[in-house]
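As written, the chains take the letters A, B and C, and residue 1 is the first residue of each chain.
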């Protein structure tokens, strides 16, 4: 869409969506917006994509993005340095490598229990799980049927927002990160050697 | 200003102002914005008037308006009926977990500052504090003596009324909390410490 | 446990040093290790020991050397991570020391070994996979963090339209939520309550005993330790007594098993 081609008279649905998103505090689902502006979800989706492209081509300092299944206004990444200066406190501290690993395991293998997480990481991960729950990135989604009925953890909408993802389907495929055959063979031979001694 | 006449490449100052205003939770003064985008207040004023006119001529669903305290984005008055509908139906009828947590902390630890609330929760809570203030459940009761003299939040009479309490003394005592009590005391003393800073 | 100085192992120490220093880089690409299991493989390679025969002494020695050599610039993250690895190795080793159920079938033994090896390889591969994914997700978080969401909310004049948010909330709800917050709140200080600092040393007690015992004709261990409250103190006094016995200053006599321990000073009377 060209900068100058936007119809001079914006459709009322587009204006309504913009108005409502301006006072929202969380991403609003397409379905929900459709109810408010009284149109179909397909139409909302089309409008949102259109106005989002319009902001981009007009180089506004903000974006309309789709995260965690909904639309929301956000500052443009290019303007990060100004926003950071403004909202120093708002930037949460970096997650440790251990926390990120645990988060990755939960993201790809959910739902799973504490002990299943520990089994993959090779160490007890209770502290990290507590941190991630407290930050709201993971939560108990259900309970296993086994003995003790341990809580099964999964990721939250806040996790999707944190990663800027629309849904879990947008996670990069795990296959791309599995060590290649050569690497596996090297590891295999390393383990093998030690045993023959 | 004509719809199509906005320079195709928006000035970085304009973009920065838009970005910062988009994430702000209160109106920002011209002087303050000038400091953030590193230009003169006159230039900020000129840019804000320009982009405000540009939104108007492009019939966006929002406006950039100047109120007593400074500049802010707001939904367009023409779209009032949709925003009203959103306010009535769209808002979840229950407080989010984050809001409940913040309210509980303010109730039991008052008076305390934004940063003290953030320290207890482990995350920035400004948005939630705004919501709770807006709804009249909490308010600024005084100011700390430390640097910046941050506002100290406490609960309101409306909060007590809503919960059917006669006074704050009627809040359920925390003594029954066997697991968390020690930590609560540690936290308490830490909050006390930071208070004295 | 005997610690030997291993000058011939310099290269291995340097490898460990390098490995220990690696996590300091901000991307946390740990290089040599991607986790506890990586450390095992590393040890297998450099120490040329069987993975089920890791020498405890060696591990502790290596760890201490790394700590001492890098004490000035080692980060807390790195050292605690290393400590964790060491602890894991100790755990594995201690498990190996437990008696295994008897198995006379040689074939079955070998099968078990193979199975364990496959399991190890498997978890090694999956731990590497997730370490890589984690780094990728970190990058995504960083990118997403460049943009901040709008969180202005409803304008005050519209707020009254919204349903009251405290409907159905009881004071008790508030209390339990507060309790949960406090419980989950991450302590700002490291809790050291479980660490007891030795207030007395064997040397101190031995000195004290050398001045007091010559004046006491015949005392029992119970008598000289009756004023102590901590078990660790009693142990230190006992060790000090053994020290004095070893150097020929006192004679210890115990009439019967678990009986009263009599102490007699036979050393110099310089202090008396």
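Assume a residue touches a chain if its C-beta (ideal position, glycine included) is under 8 Å from a C-beta of that chain, and two chains touch if they have at least 3 such contacts.
Note that the structure is a prediction, hence the values are computed from the model and not measured.
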item	value
Per Cα centroids, the chain farthest from subunit B	C
Identity of the most central chain, Cα criterion	A
Subunit A and subunit B: spacing of chain centres that average the CA atoms, whole Å	24
Euclidean distance of C-alpha centroids - subunit B vs subunit C, Å	44
Inter-chain centre distance, subunit A versus subunit C - centres from mean C-alpha coordinates, in Å	35
Junction residues of subunit C - those touching two or more other chains	148-155, 158, 185-186
Contacts with two or more other chains, residues of subunit B listed in rising order	22-24, 73-75, 83, 87, 122, 126-127, 131
Subunit C partner contacts - residues on subunit A that touch it in the complex	21-25, 27, 62-63, 65, 72-77, 80, 83, 87, 90-91, 94-97, 100-101, 103-105, 107-108, 119-123, 130-131, 133-134, 161-165, 172, 174, 177-179, 183-184, 187-188, 190-195, 197
Complex contacts: residues of subunit B adjacent to subunit A	3-4, 6, 8-10, 14-20, 22-24, 36-37, 58-62, 73-76, 78-79, 82-83, 85-87, 89-90, 97-98, 115, 118, 122-124, 126-127, 131
Complex interface listing, subunit C residues touching subunit A	23, 28, 30, 35-37, 41, 44-45, 48-51, 77, 84, 88, 113, 117, 120-121, 123-138, 140-141, 143-155, 158, 184-186
Parts of subunit C lying in touch with subunit B, wherever the complex brings them together	148-156, 158-159, 161-175, 177-183, 185-189
